[in-house]
Amino acid sequence: MNKISKLLKNDNLDAWSSKLGTFQLGLPTQVKIQGSENKMGSVNPGVKALLHPARFKRILNVRDLKHVEKLPVGYQKFYKEWREREPEPVHWIPRQEKWERNAETGEVKPVQNIPIPTKYPHQVHDGLWGGEGVVQGLVKKAKYRSPVPRFWVPKLQESVVYSEILDKYMEIVVTERALRLIDENFGLDNYLLKTPACDIQSLTALKLKRRILLALANKDFSHGDVKRQEELYEKYKQYVVPREEAEWYGLSVKEAVARFNVLEKNAKAAEIKPLKYQLRLDLLQSLDQVTVTSAKEEKSSSWMSKLNPFSKPENAEKS
Amino acid sequence: MLSLLSLFKTNRAVTSVGNVAIREYAARKGTRERKLKLKKKRKQETKVEVPVKKIYGREFNLVYVKQRPFDDSHYKEPIDDVFFHPRFRSQEYSFVDVVKFHREIHHETVYNQPKAPLMFRVDIDMKYPNRVTKCLDPWKSLIEMKAPFLLEGTTKPTVLAFCRENAEDILSAEQAGADKAGGSDLIKLVQAGEVRTSDFDYIVAHPLIVTDLAAIRGLMKKQFPTVRSRTIGTNLEEIITTLKNGIKVRVEHSSQEPDFGYFTACVGMLHMETGALEGNFQAYMQDTLKHRPTGKDPNDFLLQCHAYTEFSFEKLKINWRDYIPK
Amino acid sequence: MWKKVFQPFIENPAFFQPLRTTYVVKRRFPAGLVSPGRMPSLRKRHMIYETLSDNQYKPQNINILLRKYVEDIGRPGEVVSIKESKGRFLILTKMAEYASAENVARVNTSVDKDVANFSSRYAGSTVRTLSEFVLNISMNKENPWTLEPWHIRSAFRKAHVHVPENCFTMPSEPISGPDMALEGKEFFITVTINNTEKVPVRCRIHHWTTQPQDRLPPVRDHWKFPVDLISPKDEEIAKLLPRLTPPELVPDDGPACLRNKRKRIG
């Protein structure tokens, strides 16, 4: 079991996730873009496959959407924030102006910032890359040279990161950008709570965020130090989210489906009330009454009636 | 009568060999010479002499160690009254303080060297302010000491003075410090061989007697007085005192590091009066700053100035800015 | 319902400050305009990018609020600008916090008085270094002398320590010589930093003479070895300072480049 999953041991649902898919905390390695969770299709279906299709299988996340449709609103909200929302540009610079004038013709046209698609390989989920990803593109060195593929891969490093609310130190694969963002936001908790899921991308980081949100919602942190708990709660009050929402946050589609199934199962189980329980209750009630009456009858019975066990009691016809 | 050739003068020469006409087109006059000159100049400029050492018959290029001092302007200033020097920017002391500190170390109760000569070294940035590649050339100068001194084991240079005929001039020259002074009679002595010019370090002459001196030019060889070496002049007393009491300063410079130069000189001896030492130091500063190119700030020109002695390893930085001539 | 509400372009970009640690890339051939609601038709040429900035980064400074005294950096309650890596380390080890407005305001109102503090950011390290310091005072072997404040000040200056005369106290009894009984023996002076911290400093007298042939033989690394005290009253002061642990001196083999490494034993 890796370090992160050790930290997240307490939650039952995470035990599910460890069975479904472990996240390996590996050293930064050569990133290989393989067909993985974020097999895109929805970002820019217009872009054609550049290299041999077998190497870059594009599987639309329609499969995911089919599942997400059936999940409750709480998860859908998260999924939208994570997958649907356009992340802030990291590897390209958007232009600020709305209009541009052609120098030669004087023609005025609008400025549209068409994003440069960033890919998030499965290694993203092992760390906290701070919104960075891999840019797949081409490089054209000279006029009469054909464009050649290139991947702009972020520089990864292992570093330690600390969460105030969870009071934990975590060794995690990060980029310098992530560390600087944490510094700018004066702490990991603040950074995670402030940035939307699309800019975090990594499921590990989102699970940490989930942890933090749950801790805030349940006021389940800084055990033993009431003053500190109040201080921290005051500090992060603006990010507090209802418990139900927090429980859906940071789950991958598989995990969400698993959780949903568990909840449904439990709900169903709660609905089903086997007759035996009611019957038991009834029996107990009736037994209570019987003992009361039998206690009264014992006083008036004679030695003759006691001899014959099958003789009717004197008061039988009356009751 | 004009010749046809002069009328139709062209560079072209048309010759005919057999039935074929050969045209020769020569370059304009002086073009080829100009190009050759440029080529030679470029070769000379790019040639940097790399010192070479032979070890077991194999030649190795000696690595040049940069002489420019370490720039610690990015170090912080100390804020406490007790601190360790290497941690902070190197402290500059006034000249008076530096002398005082060196005197303490060379005191009778400590090193017992009260007459130690106080040396100092000045580091100079030789770059021109607006030109990237060009740097100053190292110079040599003779600086007159306001409080002349003589180091142990050294003697003052000897001066031979050729003055005008009158006895006044000869007397004043001798009073100024010339070891031998005279007019045309002295020239005759030299010709006779009774006075050897090689015994003397310097030969000084008045411009009016230079024509007579030409007779013994061969005997003087390199010592012949010239305007360039400032050994000719009407004010012979001044020249003689400068040569007698002056100290030679030569700026050390390497072609491997053209933008840096330094010189070391002696200000005096520690037992001399502080005022005298200050005066000498002022003279050095005045002369050095004369060589500063126009437009260059004195603070950029003189990098640093530190004082040391041969007995102590301490190099105390002097705040030379108080001695900039106004 | 779940068709992605695709935004082909970002309409209101927030002011973008690219961090120099990430690759920033630009399209060589700009993509054509797209009417809202439609997908941009991107071709292979739109995937040709030029690198604007690579992911080599220059370390920068961050502002941190110190909680504890950190040598040569600052005192508790000070906002200091230091290198990122060091700052992060101090924050992780809880020696400092981020210098956010709230943290600074909180510190301004209530200063932690229990935390150990020094008179300045360098005072702590100066105290520590001086407590391990051995001052060598060279005095003349022939001429008579009595130890004066300027002797000690000069000796400090030679050892690259700036100690003005008003910052230290002379020993209670005057020391005079030349006296071979004093050679290599210790006495103590008290150095006061910024009128607050007091440190006793070891001083040892060494007799020196001009002529090299008359000089005393040098003791290698003498400052590492404990010696006797001039006056036994100083034992109490000696206890305050860290004890000197003499090292094992290996015989001097000469410069490392000439030693044959294979032949070395051990």
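Each chain carries a letter (A, B and C) given by its place in the written order, and its residues are counted from 1.
As a convention for this text, contacts are C-beta pairs under 8 Å (C-beta built on N, C-alpha and C of every residue); 3 or more make two chains touch, one makes a residue touch a chain.
As the structure is a computational prediction, the values presented were derived from the model and not from experiment.
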| item | value |
| --- | --- |
| Reaching chain B from chain A through chains that touch each other, fewest steps | 2 |
| Winner on C-beta contact pairs when A-C is weighed against B-C | A-C |
| Centroid distance [mean C-alpha coordinates] between chain B and chain A, Å | 80 |
| Centroid distance [mean C-alpha coordinates] between chain C and chain B, Å | 43 |
| Chain C residues touching chain A - in the complex, by the definition given at the top | 1-2, 4-11, 13-16, 18-19, 21-28, 31, 33-34, 39-44, 46-52, 55, 57, 62, 84, 87-88, 91-92, 98, 100, 102-103 |
| Residues of chain C defined as touching chain B within the complex | 72, 119-123, 126, 129-130, 138-140, 142-145, 150-151, 153-154, 157-158, 160-164, 167, 191-194, 208-210 |
| In the complex with chain C, residue positions of chain B that touch it | 78-87, 91, 101, 104-105, 108-113, 311-312, 314 |
| Chain A residues touching chain C - in the complex, by the definition given at the top | 42-48, 50, 65, 68-69, 84, 86, 88-96, 109-110, 112-116, 132, 135-140, 147, 150, 152, 154-155, 160, 162, 169, 175-177, 179-180, 183, 186-187, 235 |
